[in-house]
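Once you scroll down, you'll see the structures, which are given as structure tokens.
Look for chain A in each of the two complexes below; its partner is chain B in the first and chain C in the second.
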Partner chain A sequence: MRLEPVANPGLLRRLGLPAAALVATVVTGSLLALSAGADPLATLGLIVTGAVGSKFAALETLNRATPLIFTGLAVAVAFRAKLWNIGAEAQLYAGALVTAVLGAHPIVTGVPGMALIGLAAALAGALVLLGPVLLKTRLGVDEVVTTLLLNFVLLLVVSMLLEGVLKDPMGMGWPKSAPVAKSVRLPRLIEGLRLHWGFGLALIAAGLVWLMQARMRLGYEIRAVGLNRAAARFAGVPVGAVLVKTALISGGLAALAGFSEVAGLKGTLTLDLSPGFGYTGVIVAMLAALHPGGVVVAALFVAGVFVGSDAMSRAAGVPSYIADLLLASALLYMVLAMQLVRYRVVWR
Partner chain B sequence: MTDLLDIFLSASFWVALVRIASPLIFATMGELICERAGVLNLGIEGIMVFGAFAGWLTVYLGGGLWLGVGVAMLAGMAFGLLHGVLTVPFGLSQHVVGLGITLLATAAAYFAYRLALPEVTSPPKITPFAPWPIPGLAAIPLIGEGFFAQTPLTYAGFVVAGLTALVLFRTPLGLALRAAGENPAAVEAQGLSVTALRIGAVAVGSGLMAVGGAFLTLSAFSSFFFEMVNGRGWICIALVVFGGWKPGKAVLGALLFAAFDAGQIRLQQTALGATLPYQVFLMAPYLLSILALVVMSRRASVPAALMVPFNKGER
Partner chain C sequence: MTRTGTAPDIVLRLDGITKRFGALTANDAVSLSLARGEVVALLGENGAGKTTLMNILFGHYTADAGTVEVMGQVLPPGTPRAAIAAGVGMVHQHFTLADNLSVLDNILLGTRPLWSFRLNRAAARARVRALAQDFGLKVAPEARTGALSVGERQRVEILKALYREAQVLILDEPTAVLTPQESEALFATLRRATARGLSVIFISHKLHEVMAAADRVVVLRHGKVVGEVATADTSPPALAAMMVGAEVALPRVAAGVPGPVLLRLDDVTTPDEGARPGLKQVSLNLRAGQITGLAGVSGNGQAALADLLSGLIVPTSGRLILSDAAPAEWSPRAALAAGIGRIPEDRHKTGTIADFTLTENAILETYPQLTRAGLLDHRTARRFTEELIADYDVRCPGPEARIRLLSGGNMQKLILGRVLEARPKIILANQPVRGLDIGAVAYVHSRLIAARDAGAAVLLISEDLDEIMGLSDVVQVISEGRLSPGFARGTMGAAELGQWMAGAGFDHAA
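== the complex of A and B ==
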């Protein structure tokens, strides 16, 4: 077999194939529920109601989606340039670390204080990714492995600091940082609803990324570098500089996930701040076909699967790891579907 | 200084070194075979997790230790086949599919573990492989115990590395495989199928990765627990680069890495260890891997068609 490009994929092809991927995911979920001895329809129903069935559930989903929008955007921006940033987890923790340090004893309070802390957090994340990218552009070191390995290093740095200088003396012995001061905690988006401004910031970030990609020179250059690095260089695009800028944006976005979790949702830094938001960002970005608007939708979907599965697991006893399995299969089905939109299989 | 010397001169250091290197040798050979054929396999981390789980479960349910190794290998090959089909004929991004396989295999292992053992607090143990001291050789002072009083799975690792080198560089199959990673069009011109070669390489390589994972449960730790692979797969990818895509050098790299890892565990117990947080020692292996990549990347000769999909009839 071989692949032949489809010149102008029709609407049926462009919508039908992703829909088929979604159906395949649901079928996979049913089989998993069956394997756990549960009723498939009831299990899937419980996941849906657990994700959006009540005001509490829906708010929980929105809160869970917030860091995923940031990490998803981070991955989407980088992958557009074929910069394989798989270190969003490390960048997230760098941002969280800076937020915890500056937020515990803020010098500037109120909105300016929050903005300063957010900027500092983003800068920290950007710097964490800058290292691997400079190694790549200067020395040709593959960034996949370096960014992956840095995830483990950063987590150990956070662990060291939480058991050392950052340990909250009032923390009853738990390794967590001193609480972020009330004056720089992100306020609620709407009074009375348990949803903080981090979600609003995530939506704004998605809008800005869209603006950058669609309307700015840098967006065009990033796309050119991603499509064909040699051709971009030949056309006069400063490939190295574009990759560095991409890295700064991507690392900064991932760090804002950490900022939003610490200054918004949690108010303190712990070692279990992120249950793999950085890695899940890859799923979010790919489900969204690297489109910033799609990232928001995909993050809501992924968050819903996680929150819904947790609720379902408590009620029906199917292990909550079903969420990770569903999302990993959804990812593979979707990338296959997207490929088949653009290519048809020819047997001969 | 004397602390360091004490460490190097203890037999337990050498035993630990070879034990730490063994799973890395299996998985590094697996990754090397995939990459030589032109496919980057980022599924390695998850496939190791699943191998560790599948091997452990087989023995836990009453199967023999070697059956556990076999089941792990077959499970790894199944994930490899999936990876191969998606990335080779369908030409999907090797990065995305690899990470997808890692997430899928890890989640599958955890899901199945929770299904098999709904509410356990301490992971149940199995009886792992016992050491097989090789008469005579095991009595060599210092390194004898390290290299010649290990479990059979460790010896198998060295045999696999030897076979990998032999097949890759001394057989027509190895030549075809390497050509698929260097110049796939030339392979097609010879009437061979790049698709078949690459899928086969990824399947076999993934099987070896899973055996590397199974080593952890069947020979090193005797139980399965979450996060037990802990980045070893990623380190193996770094080892492939460090070894310049050559089996012998990659094994040497694994041994060097293991020496460092065994050393840092022991250094933690010394006076120096007491002055530094333990996390400094734990992060050293990851930083060392990054350093090794930086040092070796300039000299390395990457397979020319690594990560380049091959579509028949397309120029």
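== the complex of A and C ==
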């Protein structure tokens, strides 16, 4: 068995195979529900209604999608340059930490205050990724290892601070930071709906990333470096500088997920702020084939599966771990489908 | 398996092997036989088809036509297992040993089911010791492989093949990684092995080694066997001429009118890179209106010279001087700014980005000039590309097609256009027509001559002596990183250049 490249994949191939991946995911989900002793169709139905069946459910899904759009964009930007940033979780917490510290006693209030805090958070995330990328370009240290391990370092630093200097004196002993001041909390997108401006910022960020990737010189350089580093270097593309810029953007985007969660949804920093948004960002980016528009769609899908599975679990008694299994299989099927769009299998 | 009437002393016979990769014919009806106890050298340039042929023999590739026979039995195509079982052992250029295992474990790995592994260890160790003794392959069976030198690892690879009772041993560029002393020891081993009836195929493009180690030489060029001689009846210059081919003369080109020196290398040395030699105190003048041809067997420092002029490396000593001033900083972008146009050796790996469109590839060196407020001017880029496609006759689906869809010739025309449209003062043409069809070859050559006539200084690097002698106003030969003096057009024949390529002449010239 071997793979043969397909020169010009047709429309059927490009749309049919991802659709087949979706069908395979649904079939896998049904089998999982069946193995848990539940009616497959009813279980899947409960997941769908749990995700988008009511105004409350839909808003919950949008809220859950917000940090995933940011981390998904962060990963998509980096992976385009073949910079394997597995540390969006660490960058998210760096952004959250800066937001919690600056937001508790803001010097500037209102929208300028929010903007300043957001910028500071993004800068913190960018700096967290700067170290690994400099180690990579200067010394050839594998960034997969350094970014992955920094996730644990940052989490432990946050834990130390929340148990120490940042612990909210009014928090009844819980390890959480002092609340972000009302004057710099992100307002609601639409009055009366429980959805904050973080979601709006995420959509704007997706638009800007699209502009960067498709129209800007930097996007062109990033793709050149990612697709063929030797040819890029030969042609005079400053490979090291491009990787550093990529890292700053990627780390900044991931940090905005932390900013949006702390200044928007939660209002405070706790250790369970992120149930792995940074790691899930990798899944989102891969499902989206690294396209910023796709990231928004994939983040909504992934958030819907999580929110819907929680609701289904409460109603049908099937463990909500089914969400993780569904996402994992969706990712595998989708990656396989993407590969099969460009290659056909030849049996001999 | 079919029995055929092969004479008993022929252990291996390749018959009419043909292998195509797309438009490229890597092996064209190659036939070859190997007698018991014989060392045959397979000689040829990079890309001549040596490695493809051996991969077919060993079952890594399936031939489009032709058969492989070992001990009179036709091997089923495409299965290395069958080749091993039939007694073929291959030592790859890059070793396939596990660093964390002992020498003995590496040799045993894959030879027997795991559950009987421990039981036979003592017997196996004794056998490895005996083999090592017999063939003069000194290595300790219990040593950790990671701690061994390169020469010792190669001995382990050979022992591995012998342990599997190989009758035919294939060595792919075995000396590329060895010191001269280690090479000498390897040749001694080969002599002992052949005295015991082992047959060896030895792949190389180094002439003196072939002369030292082989009984017979088979020369491949462009996938075809172009010569087969006993080493006793030939000489390094004759082999060099056969390798690069000097029978067919290209139509002669009118001589250029030399102008001032545009680029000068002054006693330049660059570091060796693995088996690739760097430049050794090279001095070179590139003149306006002149094509300087660089002849030589590949792997003799051409890559270092090309990398230097491309801005990828800097000299460790000596100077690179452009129009009487040494550049302050040297990088690909500095080389472009200095007016050096670069046609790279490998158009797939360094010349283009396969998944980029023609437009994106066309602006790869000039995109900074096409940027306004951080945004790329796609419209201008596209118009430029459309003009390139028309002016350079690039056959393609359009400027927005991915360049991987193009044939080598059309890809090269786009690169040529990209380079020439920048109006370079100096042109580095590294293997500009390798793998192209005749039409594309003529086109690329005519464009290079036109650029010369317009006043550019051209450095043509090629392993094809015909091309060098046909186009160049001045020919220089590179050998082991050293550069010969310049020979004016028509003053040197293929035989004399072959002498220089084989390394003669440098000793008293240096």
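One rule holds in what follows: the second predicted complex is superposed on the first by the 348 of 348 C-alpha atoms of A that agree within 3 Å, B and C clash if a C-alpha of one lies under 4 Å from a C-alpha of the other, contacts with A are read in each partner's own complex, and residues count from 1 in each chain.
We take it that a contact is a pair of C-beta atoms (placed from the backbone, for glycine too) under 8 Å apart; a residue touches a chain by one contact, two chains touch by 3 or more.
These figures come from a predicted structure and were not determined experimentally.
Visitor: Sticking to the clash and touch definitions up top, decide whether chain B and chain C on chain A clash or fit.
Guide: Aligned on chain A, chain C clashes with chain B.
Visitor: Based on the superposed arrangement, let me know which partner A:S30 touches: chain B (first), chain C (second), both, or neither?
Guide: neither
Visitor: Once the shared chain is lined up, is A:M216 touching chain B (first), chain C (second), both, or neither of them?
Guide: Second partner only, chain C.
Visitor: On the A-aligned overlay, A:A235 touches which partner chain: chain B = first, chain C = second, or both, or neither?
Guide: second
Visitor: Where does A:T49 make contact in the superposed view: on chain B (first), on chain C (second), on both, or on neither?
Guide: Neither chain B nor chain C is touched by A:T49.
Visitor: Pick one for A:W84: touches chain B only (first), chain C only (second), both, or neither.
Guide: first
Visitor: One more residue to check, A:A224. First (chain B), second (chain C), both or neither?
Guide: In the superposition, A:A224 touches chain C alone.
Visitor: With the two structures fitted on A, what stretch of chain C runs into chain B, 5-13, 95-103 or 419-427?
Guide: In the superposition, chain B collides with chain C along 95-103.
Visitor: Which residues of chain C touch chain A once you look at their complex with the stated criterion?
Guide: Listed in rising order, the residues are 78, 310-312, 331-333, 335-336, 342, 344, 349-356, 360, 364-365, 367-368, 371, 374-376, 378, 405.
Visitor: For the complex, give me every residue of chain A touching chain B.
Guide: Per the touch definition, chain A meets chain B at residues 1-3, 32, 35-36, 84, 86, 135, 139-142, 144-146, 148-153, 156-157, 159-160, 163-164, 279, 282-283, 286, 317, 319, 321-322, 324-325, 327-329, 331-332, 335-336, 339, 343.
Visitor: Taking the complex as given, what residues does chain B use to touch chain A?
Guide: 40, 42, 82, 86, 89-93, 95-97, 99-101, 103-104, 106-108, 110-111, 114-115, 118, 230-231, 234-235, 237-238, 241, 277, 279-280, 282-283, 286-287, 289-290, 293-294, 297-298, 311-314
Visitor: Per the contact definition, I'd like the list of chain A residues that touch chain C in the complex.
Guide: Of all residues in chain A, those touching chain C are 7-8, 215-218, 220-221, 223-224, 227-228, 230-238, 348.
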